[in-house]
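In what follows, chain A forms one complex with chain B and a second complex with chain C.
Presenting the complex of A and B:
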């Protein structure tokens, strides 16, 4: 369905003394049909950039993104636009994901008009149908985004995106700007829509609880690299990489029986402009060895998943 | 920063902008209905009647050729409003086009355009307009060309600045992910969202343009006699300032009032769009 092969993206800063930031440093994973892949990691580890690179909202420096057998990275603009409606994105801040001067119904009607999905006369009917499907009513049709709440706006964005019947959606922390009760509603709405429309999803979040609820496979990112991937269940039951263990131990998931007595992460994330040598996690790793400072570990098969750590 | 929509009742609540709107309304009506409300033909010469002081027959008196000053001033309103509307339309649309192009595409295009604007802004605009008219020759069409050539700069700057902040918004990325073309994004997403500051600039700029048209007319480079135009009339009346002050005072006062009125509206609009004002309310 979607295969990401070794994508990289480096940002540079400054004209004379250029500084480089390896936001995404060689990431590979595959997402199957109707599957949800969770990408988790601290702020600034590059998970949002991965989502943008897959949709080519940013150009990757190298690597391939293969969607339904088509390599997207090499596509010309015109060909890319044909694939665009099949791959959509949900943003963290729903309030600024909608055109502030368009009424709700205009926003939802826009994709329908762009691709002539329904005849002109049926547009209003179709828009209402989509809005009701995501739990909004007729009275919201003529409102503006700033008159709705964050949760309602996220529903509108979802309706707008689903109008295109996408096969793949990048959900970039779609609920982290919402309060907890609304979060749960939006998440179950997404689940429901996924059942109905059968799209695959890349779910980006820093919230382990959300990842556990929403995804079947997941990857843990640290400073632009995947340190562990595997079935979500297995990763939570039996985290292998010290970073994953620490992340889970940080207690973000209440009531999680974690048999491993890993202590929460200590210290700050290193400066991504000037990352540590070898394994990037060695500065904070409780099980650091001499080897870790020199050689960066590869992602190897361990059990049911993959781990990048010299311990395995 | 999210700009609120500009609503008419907000403008009416502000005393200064209310006054401005009323004055502009009256002047605009005068300009549109000039042919019907002017009591005399503005160019009809009656040498027997020349240089008459204001009377019930000629409210603002007559000029050195016996033309009715009131009718000339009314038709002058039409000339000025027509010219300034044309100029502002040209400069605003061209400036906004350039500004959005530079801001949205960035990089090399942006750099070139902005440096060009910096260079042009280094000259006082009236001097630049004088140079252009000097080489093209005086006349109404050349006035329009001269003022337009230097007038788009501010629009381009303001539009570019808004575009820079708007293009980082998530709805722009969403539109790109949806497969909208760059052209569509610029016209449907960027343009409507960068309009509020442009509208403020248009109203403030109207006053400036009226003043420039009058200045060029006064210097004899703008509208040519016998076309009734405020600046030109001011210049014609200058010779008779001591004996017949009404010939200069009336067009002079009109220039002042109209510029002031546009500035009142502009200030009112700016206050409405100022985010700090919204907190107080």
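Presenting the complex of A and C:
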């Protein structure tokens, strides 16, 4: 369905003394039909950039993204436009994804008009149908985004995305700005819609609990690289990379057990402009060896998944 | 022993759209040497409650009730008396340290400030005390980093600086408002660990405001849950997690991704136009006739636990 092959993206800063930031440093994975791939990592690890590179909202420096057999990295603008409705994105901040001066129905109607999906006379009916499907009512049609709550706006954005019948959706932290009870509403709705429409999804989140609940396969990113990938249940049951282990321990995903006391890993993420040599995690790794400072480990098959660590 | 006791606290804002009843008839006790979690969703009034304790709300707010602390009623103390309490007896650790720290003063100077203000120290002594506070908050090479400005600190380090500032004068009570918000999970657990250590070492009490039940579960002894401006449940944390009483609390726990992620239907009511009767009844699956008309009290459920629900009446 979707194959990402060794994509890279470097940002530069400064004119004379250029500094480079390897936001995405060679990432590959595949997402099958109706499958949800979870991408997890801390802020600044490059997970959002991956989502944008796949949709070509940013141009990758190198690497390929193959969608339904078409390599979209080389596509011209006109051809890309034909594929766009099939690949959509849900942003973290729904309030700012909607035009503040457009009424809700206008926002949802826009993609329908843009791609001529419904005859002009049926648009309002179709919009209402979409909004009702995501749990909103007729009374919301004429409101403005600021009159709705964050959760309701995220429903509107989801309706707008689904209007195009996409085959693939990038969900970039769609609930991180929402309260838990509202988060549960939105995530259940996404699951329901996925059942109904059968789209594939790249689910980006820093919340391990959400990743565990929403995805079947996952990848863990650290400073622009994947350090571990595998089936979500396997990764949570038996995390292999020391960073994954630390994340899971500190993410308190074992539930709300008062007794369980996670021992946090030391230190903070290094400056991505000036990343450590060898394995990028070695500055914080409790199991560091001499080798780790010198040679960057490759992502190798370990058990049912893949791990980039010299321990394996 | 009760350290701070809040009785019938009301904090209302008068706005163009109507009166916002952010805190409505809240009564709550914070005991000595305990960490009490104040949990609720955004807009339920938990931050306003903390700001009411230190009288940091703007002039147009109506605050009524009684807040007793060490023989004083904080709501009736004069401004000078309050200044002696703020930072010295009761300290606040705000969310978002970047906007709470002064961008043009060095971290060391800002942490020195409470020592100079409340302990009457000279700058040179205060600086030394500040550096040892930064060390206690596990900021590496504190003597050098104390000379840096907030923008040179990472989010986690800034929060450590905020914590040093809050704990500088060994306050009896710390009000911590979402201290781990916006931090990555690995940094979050470092900060939680640090707060646990420092607060217990100093035998201080803490009111921890959070929307994150997992953070509350790790740090708190007791928990108070707020909904729509009211406290709906107060309980030992263990009892709460294993057997929440109020239907809203049950829903909150069940809506966590790993507890089934079962949503609570509907939305939180606006604080201007709160529902009649029990405020949760429009979303409650146990709602009875009585819930629509009468407003429930806090009922004793045993083991020091209280719940605002007619199921326990």
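Methods note: the second predicted complex is superposed on the first by the 301 of 312 C-alpha atoms of A that agree within 3 Å, B and C clash if a C-alpha of one lies under 4 Å from a C-alpha of the other, contacts with A are read in each partner's own complex, and residues count from 1 in each chain.
The rule is simple: contacts are C-beta pairs under 8 Å (C-beta built on N, C-alpha and C of every residue); 3 or more make two chains touch, one makes a residue touch a chain.
Just so it is clear, the model here is predicted, and its values are computed rather than measured.
In the three-chain model built by superposing on chain A, chain B and chain C fit together without any clash.
When the shared chain is aligned, no partner comes close enough to touch A:133: not chain B, not chain C. By the touch criterion defined above, A:91 lies against chain B but remains apart from chain C after alignment on the C-alpha atoms of chain A. Contact with chain B, but none with chain C, is seen for A:100 once the two complexes are overlaid on the shared chain. Of the two partner chains, chain B is the only one touched by A:164; chain C is not.
Across the overlaid complexes, the C-alpha centre of chain A sees chain B and chain C at an angle of 80°, to the nearest 10. By the touch criterion defined above, A:114 lies against chain B but remains apart from chain C after alignment on the C-alpha atoms of chain A. Taking chain B and chain C in turn and counting the residues of chain A each one touches, the greater count comes from C. Judged by the touch definition given at the top, the superposed model places A:43 against chain C, while chain B stays out of reach. Once the two complexes are overlaid on the shared chain, A:75 sits clear of chain B and of chain C alike. In the composite built from the two structures, the nearest CA pair linking chain B and chain C is 7 Å apart. Counting contacts as defined above, no chain A residue meets chain B in one complex and chain C in the other. Every residue of chain C that touches chain A in the complex is listed here, in rising order: 41-42, 154, 156-157, 184-190, 192-193, 211, 213-214, 217-218, 237-238, 241, 251-253, 255-259, 261-265, 267. Those residues of chain B lying in contact with chain A across their complex are 2, 5, 169-171, 173-181, 188-189, 192-193. Within the complex formed with chain C, the residues of chain A that make contact are 42-43, 149, 151-152, 179-185, 187-188, 206-210, 212-214, 246-247, 249-253, 255-258, 261-262, 264-265, 268-269.
Interface of chain A with chain B (complex): residues 52, 55, 57, 81-82, 84-85, 87-89, 91-93, 96-101, 110-111, 114-115, 146, 157, 164.
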